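Across the two complexes that follow, subunit A remains constant while its partner is subunit B and subsequently subunit C.
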Partner chain A sequence: MISARGISKVFNHGLPNEFAALHPVSLDVSLHETTVLKGPSGSGKTTLLGLMACMARPTSGRIFLNEREITSLPERFLTEIRRSTFGFIFQQFNLIKGLSALENVMIPAYPTGEKYSILRRRALESLEMFNLGQRADARIEWLSGGEAQRVAIARALINNPAIIIADEPTSHLDSIQSREFIDIMTDLKAKGRTIILASHDPIVYDSGLADRVVEMRDGRIANEIKSS
Partner chain B sequence: MILHPGILALFLSSLLISLMTIYAASCGFMILRRWDIDSGSELQLALERRTCLISSIASYLLALQLLSLFLFIQTADSISHLFVGAMCAVGTLTVNSFGYPTLLLKVLNFILAGLWLILNHADNRGYDYPLIRAKYLLLLIMAPFILTETVVQCIYFTGLKPDIITSCCGTLFSQGSRGIASEILAIPTAPMKILFYSCMAATLAAGARLFLKGKGSYIFAIMSGVTFVISIASIISFISLYFYEMPSHHCPFCILQKEYGYVGYPLYALMSLGTITGLGVGLLQPFRKKETLGMIIPAIQRKLAAVSLFSFFIYTLIASWPILFSSFNLKG
Partner chain C sequence: MPNLIERQRHIIDFTLSSLLRRKGKNCALLLVYTLIVFILASVLFFTHALKREAALLLNEAPEIIVQRTLAGRYQTIPIAWSDRILKINGVISVRPRLWGYHFDSAFKANYTLTVPAGNPPQQGSIDIGSGISMMRGANRGDIIAFTGHDGIPRSFKIRNILEHESQLLANDLILLSEEDYRDFTGIPADQATDLALRVRNSREYGIIAEKITRIYPDTRPIVRTEILRTYDALFGWRSGLLIVIFSAAILAFVIFAWEKATGLSAEERREIGILKAVGWETSDILLMKFWEGTVISLTAFLVGIILAYLHVFFTSSALFAPVLKGWSTLYPAFPLTPFLDLGQVATLFFLTVVPYTITTIVPSWRAATIDPDAVMR
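Presenting the complex of A and B:
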């Protein structure tokens, strides 16, 4: 379980342009479930997602991952947790142009020191799982939006993370591609992955994928709906 | 003179280290009073972020502090030709009354900085800042010495006047001189040799016991400290004589010069490394009971003991080389 206890995030603290993106919020996310953070732009869902995934540190409050407190961890320990526990799918995909799809998928696993040939084989298998085997050597800029999205998912899965974090994953996809994304996520959920998504797309939060929808507004949790 | 590159580098490094120390000490004071890892308060989280930054900067600057001791000695040696009567660093250090106090402060801060780096290394291995209070307490203890060193060094360098007639090492390290040097020189070389080799053998034995069995940390630390003092005394008493091949020249600085193959630098570096790592073993001993360091500290102590053993052993080899193989002897 990921448990956030009274976490807040203030940007430019103490400066004239200080901005509280997240007011003290508490939230428990169960493992093997899909949680969707829903809300308009500026509601704090991306900030909350980033904090829970150890991408940023809160201004106050603590986050526990399976009973282990993680916000106080020095960066070198946090990096290891981030690498081994979380797989990230970003709104803009954040794939590296100039590199091939295969190289992009392999990058997050380089620091683990895994043997190159084994890593390459795993990355290829991951791409083939998303029907991208023939596009493995294609540069990122040559891929369509849907293909880029699937490469981003393959990259998120390369370190075999228990938790998949996706921030506005369908914002650059059309409806058909968005539904394809939901199908992939549903398949991953069935395989036991925990999925946490931030989205204001009804295709995502109204889909059968979400076990729980947490509605956010003005940096606070406004409402919570539990399906099933 | 003040524009000498060595002096400028020493000024700059001392200034940087002092500024860092002031900031780190102020943060350390807050940590000692308010640190509470169980709290999720804004202050606690800010302290956690700040300590990571301070530790990183402090570790680089305190490594610079280690180097600055050697740079200070090298600079004092290299500008000796500017003073009438000076033959090596000894002459430069006696140009005014702040030379030796600066050197002593640098040696003291060298040891403290080394110990802090060891403590910081151990703290960084634990995920819950296990030595944070000890680390900042040591930094607070170091702060007045570091600041005093900067001030005394500044007074010393700004007070260097080339028209001053100073003393050479032959005067200061002769049996007719006054002070600690004369007392060391008054001891006959034979008992001093026995003392040096006995002390070194005991230290190496204590280190080997610690390395192999993990026992005797405090004994090894104490022995390392004692070895440091006896090693310096031995250099003045008899080791330097074999390098100079002169029965009356006891200067501990001339061995840093080209004529003697700069042998003083490895000698002093190995002696210092052996001492600091040896003392570090004892420094870490009380923290073995910390939950997150229970497995980590014994491994660090073992590595420190290995480095210390290696350093003292090589030091003894270098120091003994001319005693064993040169034609010079003190028996006659």
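Presenting the complex of A and C:
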């Protein structure tokens, strides 16, 4: 379980452009569950997602991962947790241009020191799972939006994480590609992964994927709906 | 341990592919860097080679040379003065020397004429340096003619072509007998060019020089250590021209490194953010940047050094020679003896590769320590 206890985030603290992206909020996310953070732009969902996934430290409050307090851990340990526990799917995909789809998928596993041949085989299998085996050697900039999205998902899964984090995953996809994404996530959920998504796309939060929808507004949790 | 090696391998792989992805930028970087190393290395090699040539020459030079001056200008010295100088305590021997220069107007070259101390050629024959041999197309056994002081040509048979460890010493040299020398230059029989003294104790050089000037006030004793100091002032790194070239190259390098230290493109920052977000540690990113800096600087260093070596020793410093040599007496052109001083290479390495690698890491370290959630915003 991920437990956020009264976490807040203030950017540019003490400067004239100080901005509170998140007011103290508390949230528990159970494992093997899919949680959708819903809300308009600037509501604080990406910030909350980033804090829970160890991408940044909260200005105040504490976060627990399986009852272990992680907020005060040194950077090295946070990186290790990020690498082994979380798989990220970003809004802009954040794939590295100039590299092939295969290389992009392998990148998160480089620091683990896994044998190259094994890593390559796993990355290929992962791409094939998303029907991208033929495009493994294609450079990222040659791929369509849907293909790039699937490469990003394959990359998120390469270290076999327990929790998938996706920030506005459908914002650059058309409706058909968005539904394909929901299908992939449903499949991953069925395989026991915990999924946390931030989205303001009805295709995402109205799909049967979400066990729980947390609505956010102005950096606060406004409402919470649990599907039966 | 295998994991650590594999991890290094992955990071090096990624670094190389990163370098290839930015081919244009990195090639330009490599070119500028190589050019700077080339200039620095050329200056170092060139000056060191000249100093080495000079040192070889001075090894065989006498401890003290006594010249005679008239109103501050050089003139020949009476051989009879040797006897009085020999009586000074500490002087082992005094040898009157005959040597001078001859300008060959047909080939526009300056030669050094010398009567050797031992094994002089017989009257009518000479030994010549390899430079003269090549220029005049003359070999052993050939007859060669030079115009004497009175405008009348004299013919000599070539006994030997001189080969010597120092090209500077032997290249433009003509060895001939005393009789031929006096006939050729017109120096009277009781006069010599200068007197060469052997002195046992180096601490007595100054005292002996002082005694000589007291006996013969119109002489100028030249001590070998003074000549060494003169050469050092001319060719040492502190000498004017060299410091100008060296400083310009160093300044260029500092600007170049500073640009690297302060600049990291938006794309590079974004990439660092992505790598951190997907689980790379700050140390992984610094390692990647370290390899990147090392690959570029080592390549530039090696290519620059090799090009400088070829430039100095195989093209006779074609780019610097007109400025740095500058003395008309260095004709005919002589190739410098190839020589690589590891100390100099190490100095250059620490002056270029180390600071560059550090300046590559610094901006990346700043970028790598920001929160990875920056890529989400």
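In this text, the second predicted complex is superposed on the first by the 228 of 228 C-alpha atoms of A that agree within 3 Å, B and C clash if a C-alpha of one lies under 4 Å from a C-alpha of the other, contacts with A are read in each partner's own complex, and residues count from 1 in each chain.
Convention: contacts are C-beta pairs under 8 Å (C-beta built on N, C-alpha and C of every residue); 3 or more make two chains touch, one makes a residue touch a chain.
As the structure is a prediction and not an experimental result, all values here were calculated from the model.
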Which term applies to subunit B and subunit C once both are placed on subunit A by superposition, clash or fit?
fit
Which superposed partner A:R82 touches (first subunit B, second subunit C, both, neither):
second
How wide is the angle at subunit A between subunit B and subunit C, using CA centres, rounded to the nearest 10°?
40
Between subunit B and subunit C, whom does A:D167 touch in the aligned arrangement: first, second, both, or neither?
second
Looking at A:T59, would you say it contacts subunit B, subunit C, both, or neither? Reply first, second, both or neither.
first
Contacts for A:G6 in the overlay, against subunit B (first) and subunit C (second): which applies, first, second, both or neither?
first
Identify the partner contact of A:T71: answer first if only subunit B is touched, second if only subunit C is, both if each is, neither if none is.
first
Taking the superposition on A as described, I'd like to know which of subunit B and subunit C A:K191 touches: first, second, both or neither.
neither
Which partner, subunit B or subunit C, is in contact with more residues of subunit A?
C
Overlay on chain A, subunit C to subunit B nearest C-alpha distance, Å:
10
Which parts of subunit A are touched by subunit B and by subunit C alike?
57, 75-76
Per the contact definition, I'd like the list of subunit A residues that touch subunit C in the complex.
46-47, 49-51, 55-57, 75-76, 79-80, 82-84, 88, 90-91, 94-99, 103, 107-108, 110-116, 155, 159, 167
For subunit A, which residues count as touching subunit B in their complex?
5-7, 57-62, 71-77
Contact set on subunit B toward subunit A in their complex:
37, 40-42, 45, 48-49, 52, 124, 127-129
Which stretch or stretches of subunit C touch subunit A in the complex?
2-7, 9-11, 14, 17, 21-22, 267, 270-271, 273-282, 284, 371-373, 375-377
